[in-house]
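One structure follows; several queries about it will come next.
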């Protein structure tokens, strides 16, 4: 029941928005719904850690610790994004870039998007998971193209075509898994259920599972933003409205990665851990090198953030490749930390873009002097994202490195760290140009209102908090890690 | 008791940071500085207690730091560094009370500065890999932000910050890999467990961990060739921050190398330490040479930090080399000398940076060529600078002399050695030490002589006024310590010996003679700095008395002798640049000064020169020949990489198709 | 004077506008033939080190100020020795354009050595009177 | 190795040494000057001429330029004071002067360096072009001669297992053959070069030049006068004497009193004076035969000295 | 593969799907391509029908009807509408027709190499035909890469989808019904979204090749 509530809440929010007729303030309904979903998610997490997995809706929905964790992540980011979204649509409406109808569409689609992601992580069946992930693609295409500029349309076209291809490959992989599962005596209706898959995992046909997993990594990897099918990501993230970029970069990528994690657990049992590890290491290093190379001479700060996401997805993939409980716990912590920091950064970059009128790095100067609040949040967000303490990304990156060394992936960890240093060099250079320097003649403008700054600062505070304090999450992380760890 | 103090120190530090962030502007600065001083005092008391009793302060909790837990153990070795940081912190914070420049009064800075000081106090207590790296990186971030506080006014700040960020991150990456390598192979991330099990590790692991750690800590310490950030960042930071960075933070680089090399790894083969010595000698020479030829006061001091870190590394290397060849007592002496130099460097470099900032505030410039005549105008600050400088130049009866002397002794007594490594390393080491010492003396004569003495070279210098009392007090505390430690080294030597013994775990008797002398046990002769000071005082007083007796009338003030010229102006004085010019000529091959001569000819005839402008500049050779090409290379690679994603969806899909085909063929 | 400087006399030479005749003679008093150094006499590079000035030639306009400054730079008690007729009374340059006057017109002269130029022995003898040797 | 000399005699030795250096220094300079004059075919001043000069200068007026601080008058005091301390504790006449156990060779070097630094600061304090020029050159040469000096000390200290001067002298006296070893000879040459450089003699610096632009040492003191100048001249001649006496101590130690008693002391005094005088004459003869080096050729000389000293250490190790 | 009517019908239908795929690669007229895709949809429906009849699974037969309706009629209709009024030929494919056909051959070989394991695993007639489905999907992918017109991207996606669906039906007689419905809905919505996008593109920027969408890059 509670799981259905979690799923339903965002949709209720969507209903309210749809009924409200395009007033931006109705967005608060979405914020409330997402906040409530977050609350229920936390409650679920507590229960799951105490008493074990929950099921709902006749077994279609199932929440173990991993799902609960993902629900929390989605809830947090959705809360942030829908909150700032109110500001975004209000500004657009005020500037005449939007209509009331589009405001409504936007609000409804965002809520549908959140619901689809929640469905993806709460689905008991990996087929339903696939359907939900594909649904996110369809829903977000319009959100990416929300601005209706040529760039936005181009980005959404690329986004849907590339992701559809990818997700189709994932479907082929799912079919192969299904085929393998049927052969070990699974009942056709629940052969794709997570519990049944795990129960029979050891007997699944290894060669079939290898092919299936390779397709799944390639397919879901497209949505995750792993190289070589990452190309949609910088375009889509740079063209989408800031809250959408935040949602996509902050959680959508990791929801897709959640799917890979689930399948990886099955494949590890079926064919041993070596195969999934090798594959993930390859895509991880490929993604990291792509991100490093393209960040060096990046000119657009939203694209910079997007490539930064590719880097972090590479890191997460590398952590998952290690696969031991420590690694998975670190991966999950990283998912949360990255989600928080990245969404705050995208939301801030939206504010910056609204204020400065350009997304070019060259076009933004001396932000800290001219717009201290925005510049400060952006700078601290970058500090968080670059993996510096006290933010949780530091802890998770360190934990992942430790885990990788422990399973003999030290060389890959070293390669990743080299790429990270290059990325650090690049991002610091860009940040320097954007943030530092004399204010010049430009007038210092008023900071964004408090209700806008609050979630941004709050997101960073939470990110720092979970980086320092272990107790709020440790139980959940460990329980979640044991769901899919080797 | 000490464990509680550890918690208290951390809490006071954090609360002062919170006060700095939240308290109203009127009381913000004073309250947060007071709390920071309290944190330093508490840290000092804790460190003194640990040093005295030898009982470590221990704090463990799993409630902090996700999935690994916070673990802090402050032993005597760490306590020494905490004490040093605390003393420098107190000096810098007292100084900061009167310091109103360079953006340090902003809310951000008031929040970050106490945090930085707190991390300086806590890093040496970290007892597992995660805790250490967490605090280490926190220190890096906070110091970086503090370097940047003045970015609005001067564009060099941003560039300095960028260099610092990149180099420190590079170092942190090396450190991370090195420490994690050790943690993985010993199966535990706790320092105690690593130390217990590390001797059984394969040589390859130990070697690579050590080299990585040297790189990591070396970059923080400003070791050549990873020093390039230091002469940029330290000068651009606000005064108290540059003092903290140069006098307290770089020490932690030495701390780390000793902690890992001697503590966690329990010593290693000779080549490790020869490497450290070589890097140390290189740093010392390179640093002192640049310091001697620099005319920017704070840049000069920053390079001299590299130079002093080189000396410390020389000592660390010598100590390890002795240990690896079985000379345990000498190893301890060399380590004690190094740690003494750490302590003394902290006080003299702290007083130098603080007084240099005062001079900067008083004159409005850092350029030595625009100073002059300041000892008459800002007498106390000038004297403090002079005392710190002479201590750095290892002048007798000031502290730097004692540590350099002890280091020389250690190298000397290692010498009748059958080990060829020692036989070759020690004379070269002494040579490097000596040249460094000579160059440092030159540097200080230049800095003090050009900066403080003679006629003022600019209106800023001519109209300079003494800075506020708290600034004078903060610097004076450290300068007094230079003198006190120089005359009475026995105040610190026993603690330093204890600290060195605790990290090497050497069960050998104290290799030093005690009491008011410093010297090696069992060796004829020792140094009695107190007596030397007394003798010098008596001799100078006697000579002064004699002079007064012979010529009771005071000196007649008259215009300086300028060969009868009408005017004797400041532009006729020697400048810092010209002072260093002979040296630049001598080391032309190393320094490669860039000369630039612009001659414009008169319109009437090319045989008449209308104006000539000569410009000379000294770049850092490593920056020019290593870092710039690397940066250009990265840029080229980035530009090349950009061409691949050209925006065509077909190309993007083709990547996918190729990947799919590869997957199908390989896996299917 | 002689008592004070017994056995030691250091002078700063100032050419206030001389024809260099006197300079030749002064140079030769330190040659092996005359060797004034055996009487403790030396020329110094700095007036601060000197007991007095050894001035030659009429004082030209451009050299008047430098001469005064040099005199001022000598520590007390100081002597001024005017060497040669020109230094004493401008000699042949008397009243010439650019000549300010004799040395005594610019700084107080303690000892005058006549001659155009005075021969080395005369100079040495006169100076020995100052150094008491 | 405390030899148990009575305290009174140790103090007496120290006092005697200080007085000896105070008087002997100027006389040494006078001797060298006379020798040079004779070789140049002149009668030259009497040997006691420097003392006469000092007597006169000591009572003359002190001047100081407008902008000087307290450094300027202090520098001569430190120069003389530090040299006096060295003279008191170094075993010039006997192996055990007062506080001889703290007469460390490194400490002596740093004390002498203190004097140089004080003088250079004083020069800069005068605010003239020449002061800065002299200080710059003197410090450069000082810095470059430092490695050779310390490595020579290292070479000498290694066999004695101590850098304590009395220990080295005692050891040399006990093992006379050791004095003729190759490392000694190498160290000797290096040490001579260093002495020449440190005390500003030819071919590094010409102490009797009148041309400011070629000056090194002289340029630093152009602004001093009267009593201050007397102190500086005294200090410099004392430094020369101390360095020579140390040289004699280290390379030809015979005659240095190794036991208490007036007779030993008199013998020590006589031999030391004789040795230093001989060295002075030798150095003066050498000076007449060479021309001053260009400033930028001096580093080559010092680098050569450094190479020799390293060779000395290495051969000391081979022998040991 | 000889003998039973089931086998021959199934082989025929599957073969038709592949032939359609190759034809799409070959052709450049938008109108004909849409027809070919429609035919492919019908062939796919036939495949499902044959499998359903063979297994006697009424659910599968119902699915066959859905497939036929969606892929054989609805999608082509939508494509026709969105393609209507547009330029009707692919005049400058990125890969010219002969090269495309060679590439198709290579892709078919790849598909057979890659899916021989699966084929072996499934066994029987259906297993032997699995590579054809994979080949169809690969050809669809190739169409995405090689053709410039937006409409071809929709066609390519449909072909990929058809290929994979065929693999699913051949291997496992389709995924569970609920999922199948979700999948179909998603695919349909996806094409609709693409159509809407294509229309927006055309209405805002006129008729264009996808190559003109190259503004976004680093």
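Going in written order, the chains are labelled A, B, C, D and E, and every chain counts its residues from 1.
The working rule: a contact is a pair of C-beta atoms (placed from the backbone, for glycine too) under 8 Å apart; a residue touches a chain by one contact, two chains touch by 3 or more.
This structure is a prediction, so every number in the text was calculated from the model and none was measured.
Common neighbours of subunit D and subunit E (chains touching each): B. Counting steps between touching chains, the shortest path from subunit B to subunit D takes 1. Relative to the centroid of all protein Cα atoms, the closest per-chain Cα centroid is that of B. Farthest from subunit D in terms of Cα centroid separation is E. Between B-C and A-E, more C-beta contact pairs are found at A-E.
Inter-chain spacing, taken between the CA centroids of subunit A and subunit C, is 95 Å.
We define each chain's centre as the mean of its Cα atoms; on that basis subunit C and subunit E are separated by 116 Å. Work out the mean CA point of subunit A and of subunit B, and you get 42 Å between them. With centres taken as mean Cα positions, subunit E sits 68 Å from subunit B.
For subunit A, residues that reach two or more other chains under the stated contact definition are 157-158, 161, 165, 211, 234-235, 294, 297.
Within subunit D, contacts with two or more other chains are made by residues 59-63, 212, 222-223, 226. In subunit E, the residues that reach two or more other chains under the touch definition are 114, 117-118, 134, 141, 144, 153, 210, 213, 215-218. Under the contact rule stated at the top, the pairs of chains that touch are A-B, A-E, B-C, B-D, B-E, C-D.
Interface residues of subunit D facing subunit B in the complex, by the touch rule stated above, are 1, 58-71, 73, 76-78, 80-82, 84-85, 88-89, 99, 101-104, 106-107, 110-111, 113-114, 116-117, 120-121, 123-129, 131-133, 135-137, 139-140, 142-151, 154, 157-159, 161-167, 212, 222-223, 226-228, 230-231, 295-296, 299, 306, 310, 313-314, 317, 320. Put simply, subunit C touches subunit D in their complex at residues 4-8, 10, 32, 35, 37-40, 43-46, 48-49, 51, 73, 75-77.
Contacts from subunit B toward subunit D in the complex involve residues 292, 372-373, 375-376, 379, 382, 386, 390, 393-396, 401, 405, 408-409, 411-413, 415-417, 423-424, 426-428, 430-435, 437-439, 441-442, 444-446, 448-450, 452-456, 517, 523-528, 531-532, 535-536, 539-540, 542-544, 547, 550-551, 553-563, 568, 570, 572-575, 578-583, 585-586.
Residues 94, 107, 110-111, 113-118, 134, 138, 141-142, 144-146, 148, 153, 210-211, 213-218 of subunit E are the ones touching subunit B in the complex. Across the complex, subunit A is touched by residues 62-69, 108, 129-130, 133-135, 137-138, 140-141, 148, 151-153, 155, 157-159, 161-162, 165-166, 169-170, 173, 176-177, 180-181, 183-184, 189, 634-635, 637-639, 641-642, 645, 647, 649, 651-653, 655-656, 658-660, 663-664, 667-668 of subunit B.
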